[in-house]
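This is the structure, below, for whatever I ask next.
Every chain is named by a letter (A, B, C and D) in the order it is written, and numbering of its residues begins at 1.
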Amino acid sequence: MSITYLEAIREAQAKALAEDPRVYIYGQDVGRFGGAFKATKNLAEEYPGRVIDAPISEDAMIGTAIGAAIEGMRPIVEMQFADFSSIAFNQIINQAATHYWRTGVPCPFVVRLPSGGNEGSGPFHSQCMESLYSHYPGLVVLTPATVEDAYTMLLEALTIDDPVIYCEHKFLYYHLKADGLPNSSLPIGKARVARAGVHATLVTYSAMLHESLRAARELEQEGWDIEVVDLRSARPIDTDTILASVARTGRLLCVGESFPWGGLTAEVVARICAEGFHLLDAPPLRLNAKDTPIPYHPNLWRSHRPTSSSISATLRKLLRA
Amino acid sequence: MATRTAEAAAQDRTPVGGGNQEEGTPIPFQERYLKAYRSSILARQLEEKLASLYRAGKIVGGVYMGRGQESFSASLASCLDRERHDIFGPLIRDMAGRLAFGEPLLDAPRTYFGSAEGPMHGRDGNVHRGRPREGMPAMISHLGSMISVVCGMLLARKFRGQAGAVGASCIGDGGTSTGACHEALNLAGVEKLPLVLAVANNHYAYSTPCSRQYACGDLVERAAGYGFTGHSVDGTDLAACLEVFDRAVGAARAGEGPQMVVGSLLRLSGHGEHDDSSYITQEDRDAPYGRDCLRVARAQLLEKGWASESELERWDHEITDEVDAAIATAQKESGPDPLKESWHALATERLNEGFYDE
Amino acid sequence: MATRTAEAAAQDRTPVGGGNQEEGTPIPFQERYLKAYRSSILARQLEEKLASLYRAGKIVGGVYMGRGQESFSASLASCLDRERHDIFGPLIRDMAGRLAFGEPLLDAPRTYFGSAEGPMHGRDGNVHRGRPREGMPAMISHLGSMISVVCGMLLARKFRGQAGAVGASCIGDGGTSTGACHEALNLAGVEKLPLVLAVANNHYAYSTPCSRQYACGDLVERAAGYGFTGHSVDGTDLAACLEVFDRAVGAARAGEGPQMVVGSLLRLSGHGEHDDSSYITQEDRDAPYGRDCLRVARAQLLEKGWASESELERWDHEITDEVDAAIATAQKESGPDPLKESWHALATERLNEGFYDE
Amino acid sequence: MSITYLEAIREAQAKALAEDPRVYIYGQDVGRFGGAFKATKNLAEEYPGRVIDAPISEDAMIGTAIGAAIEGMRPIVEMQFADFSSIAFNQIINQAATHYWRTGVPCPFVVRLPSGGNEGSGPFHSQCMESLYSHYPGLVVLTPATVEDAYTMLLEALTIDDPVIYCEHKFLYYHLKADGLPNSSLPIGKARVARAGVHATLVTYSAMLHESLRAARELEQEGWDIEVVDLRSARPIDTDTILASVARTGRLLCVGESFPWGGLTAEVVARICAEGFHLLDAPPLRLNAKDTPIPYHPNLWRSHRPTSSSISATLRKLLRA
């Protein structure tokens, strides 16, 4: 039996609904319709009254999740696209993220953000927002890159006593397949060495993991052995795993899909430079999306985000330095 | 803040000058009707072509249709006057209104194909297009966000002393649930802006029925709370739509403050062409608001004697040719060249940062 | 969605059981009145003490007073029932309501002084306090944002089958302009939540008069658009307030859907104690809504024969002692020790990152 | 005549209103009342109809500014506190920031954000948001640290054809004074060496400039000569000026007041490491606010943000490395 990244997300929600009476799902068109991407397919029928269509009110959707969470529920909020969470930004960063610290009362819920681009999705249906939310203390930000992680991290997210921003990547929804669902996994907060190597460390996450692995295979042809680290979560960052890798390779490239100013790749580089400066044999590099909104036309879109070929080119630069 | 019903509106369906009462020559009702009708047919045919191109894999992303909403949208735009600096702020399903307002026919196919010649140069697509310098703001996806932009354009006109300009903004039943919509309408009321808000209540927001979207009987009940004059209309009835928008635009222009027109109609398509809309109930399809507005308009045209069957057919054919030509032109044009892109987001060239310049 | 006027409300001002009609013993009107009155006096005296401590430099940041709004706020809270899991979501000027709902008297001074013993442990201050586990969410500053939180708390009760719980949320005239307020009210209507929204129209938002805040005649006109039952009340009249909230809370509890109560009153203080509020017009001060609600309540008490002049004075003195004691206690307590702070924002200890751990 | 940072902001607005008919001011209580901080004192009287009280609707305030800007006006929007711009987040990053790139039509306006904390301001009246907004392509983000810059940069901001986020620091409003208003200044986009030194480069901006200068003076007693660079703008970052300084000193500390994950200090460190790695003699360090919301109690607040003493301590660590 083969299962996609999207199906894994559905299965995790089904399991959570089945096993945890505190869980419910709130989001636009998540009910009978099963969600814009079918991540909640049949769940409304299987769990009547617990998978609920929301009005187009992202601010209030998160506000109600906060209220229900502090009362002991475990809401899952689906944003129709990650990009629309900008409407809920205030509730997320000012209300949810500060709640436990201010009051001592946890505020546990999961916001699912269908993230990342596709050809023709354009500036408002393509955004990656992990760098935005990770800036704020009080949030856990997950960026699963595999079918297994999509499943186990969503389930684990529902056991965490904090608001979790779950960045699921639309580009992986249908393409990425696994043979089945795992029973165990690394805990949230731990990065994974997705590919062992000796010449450079490539730190990445989410859809970029796959572009990075492709680039590593490309470089293998040229005699280079690249270690690829899948961060799994943007908040927290597993600095130790990266440091251990850089200690082996002496070189660091960090690749992300969000905008280039600040964000996850800058944070990784700044941490490694502060804590592992003497491990580095060459200037650490970053590769992010280009510094414009995300373009609609496939030609532009393919140039805007990092791809295996731009990653390979940057790796070559890194190895040459 | 009296709320007029569709019937009341239908009763005094007399040819009025509307938008143009005070200055210029009033456009006769018949002329305006024909313009709206023509734009509607043009929109319907153009979108059907785009939909089939989408199904054939020639258009990426999605195609979003205004099917069933053409009369409502086109009537609003037909009551606006670009010479008086009016503004038309469309949303997803306003192809007909865009065309009636004066959007070049090529803009839509060029934007769908991502042509470098289009108004968005391939950077943005499908319904996310506009000509902001010509009174047509370019919508972003976030519903509700465009209304305050139209308010700001009206404020600018006020500052510049361009009195008499009217700004129209469009929203759906679902979009009324957004905080952005509320803030903009409240602000328009406070600033007494000549705003006309067209609410196309097509009974669904994607798959979500109105019962999960709002709890009042009719969205026009919101008008009073914003200090707007509220109007209701059968959105499938072109004559009724024209009449009510004529009144609303005229009132806004005359300084009577913001106006809200709620049209009842049905989305006769999926949310996008990827969506089979099987969730739309038979009850909705059979309801009066489920009628195809173009069929209604055709019958009205024949009844009024403004066109014969054969003329209607001829117009259809003429429009088919126009649409085919536009699509052919746009399809031949090339997309943007990523190597020639500046990849700079700021207008102020010297402040752009070069992240990947080598 | 009939809107009741203050007069209509005043006419049938009979002692009703309100919140408690169905279960438990109905609390007699007199008892509830006295509770609301006592909380109001307590709030007034406490805030006046806090204000003078602010002026003496003993409190940092600011002090925000509910002066003039005590009756309105306390009546709402007096109609709620914590045993039935009711919720009270206060805003800036709801000290009286907080006390009537059951917030410990020490919470306010402790929070103002930043005491480590307070509910916010010095991390947040002044009105930004609460006890979320006891039905009192802790407000954030962003106006409008708390209403949906109360909605969520009500949803949780619904999921848990705690039927009959009512949630109250408070907002000012200014706060109604926020998108957050709109989205939450619309959602409450759609979910048919037992929400009671108390709109304290004190005629100003900081310095901004209502004419620059909304364009309808009365904010209660918004109720219909959300599917709420609307009520208007003279917010300076304790008896009238109690009666209308009793009705609203009872209706919400009985499953009649969300309720909106708009009280007309005046902020008898600055926005905060730093503000001399010289912009409040004489006309507003002289208007019926400009009355001091406590003076009105005192007259009502005497007139009803529920208290004599000397009793009223005795209560004042008792309350002065209570307030002095609370302030003295809180002021003696120490603030949080930065060296003992964890500086961790997550409840999940192992996921906190140590940026400056050496 | 002495003039404060706050007065300079008022004077710049007065001059803009006097000289440029496209300018108007929109914000809560900015009219007769003169604004919560009196940054628009008397302007409503001096420029009738052009200094306008807004309803409490930050989203719509920015939306109207966008509409007016694309029509050729030059709105100034005052947020009552920077923190409330979270409500306008979507309009700022998705509508304003993308407008020129999407349509070719510039969208020039200035949002004034009274930023930063004070004792007792708490989590929602203290935020520094330069790191948030700078992440997004299409925005210019200014962080004036001096009376002179407050004045000239606000005036220059009104000549720029892009949306400008003007982060004015409340902590400097009354304390910071200059003898008069300057006639000329560095252009926006250029950093300034605020203090020359040889042993380390301290890059900072806004209120942290003054804490940094104090720290530099403290270290001077200990025989260290610290170069302090005032960034002036967070977007763009004047990388060249920093590189030139690091080339002289070999050491880098970047100090900012926003939250520690990602943001301006990470971006500076990542850039300097990529472009000036071999100039560095020691691991580059960062110092930001602590990783929690901003506390109310003065004791906590003073520990939360960087101060001259925590900066000095970090400098000593940097110099020891």
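One rule holds in what follows: a residue touches a chain if its C-beta (ideal position, glycine included) is under 8 Å from a C-beta of that chain, and two chains touch if they have at least 3 such contacts.
These numbers come from a predicted model, not from an experiment.
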item	value
Chain whose average C-alpha position is farthest from chain A's own	C
Chain B and chain D: spacing of chain centres that average the CA atoms, whole Å	40
Between chain B and chain C, centroid-to-centroid distance (C-alpha), Å	43
Euclidean distance of C-alpha centroids - chain A vs chain D, Å	30
Multi-partner residues of chain D (at least 2 other chains)	54-55, 57, 59-60, 83, 86-87, 90, 94, 97-98, 101-102, 123-124, 137-138, 235, 261, 291-293
Residues of chain B engaged with two or more neighbouring chains	120, 123-124, 128, 140, 142, 177-180, 183, 186-187, 190, 212-214, 344-345, 352-353
Chain contact topology (line, ring, star, complete or other)	complete
Chain A-touching residues of chain C, taken from the complex the two chains share	119-121, 123-124, 128, 130-133, 137-138, 140-142, 145-157, 159-160, 179-180, 183-184, 186-187, 190, 344-348, 350-353
Contact footprint of chain C on chain A as seen in their complex	24, 50, 54-55, 57-73, 75, 90-91, 94-95, 97-106, 108, 137-138, 140, 160-162, 188-189, 235-237
Residues of chain C touching chain D in the complex	59-62, 114, 120, 122-126, 128, 140-144, 174-175, 177-180, 205-208, 212-214, 279, 335-339, 341, 343-345, 352-353, 355-356
Complex interface listing, chain D residues touching chain C	28-29, 32-33, 36, 53-57, 59-60, 80-81, 83-84, 86-87, 118-125, 260-261, 287-288, 290-293, 295-300, 302-304
Contacting residues of chain D [partner chain A, same complex]	83, 86-87, 89-90, 93-94, 97-98, 101-102, 123-124, 131-132, 134-138, 235, 258-259, 261-267, 269-270, 273-275, 277-278, 280, 282-286, 291-293
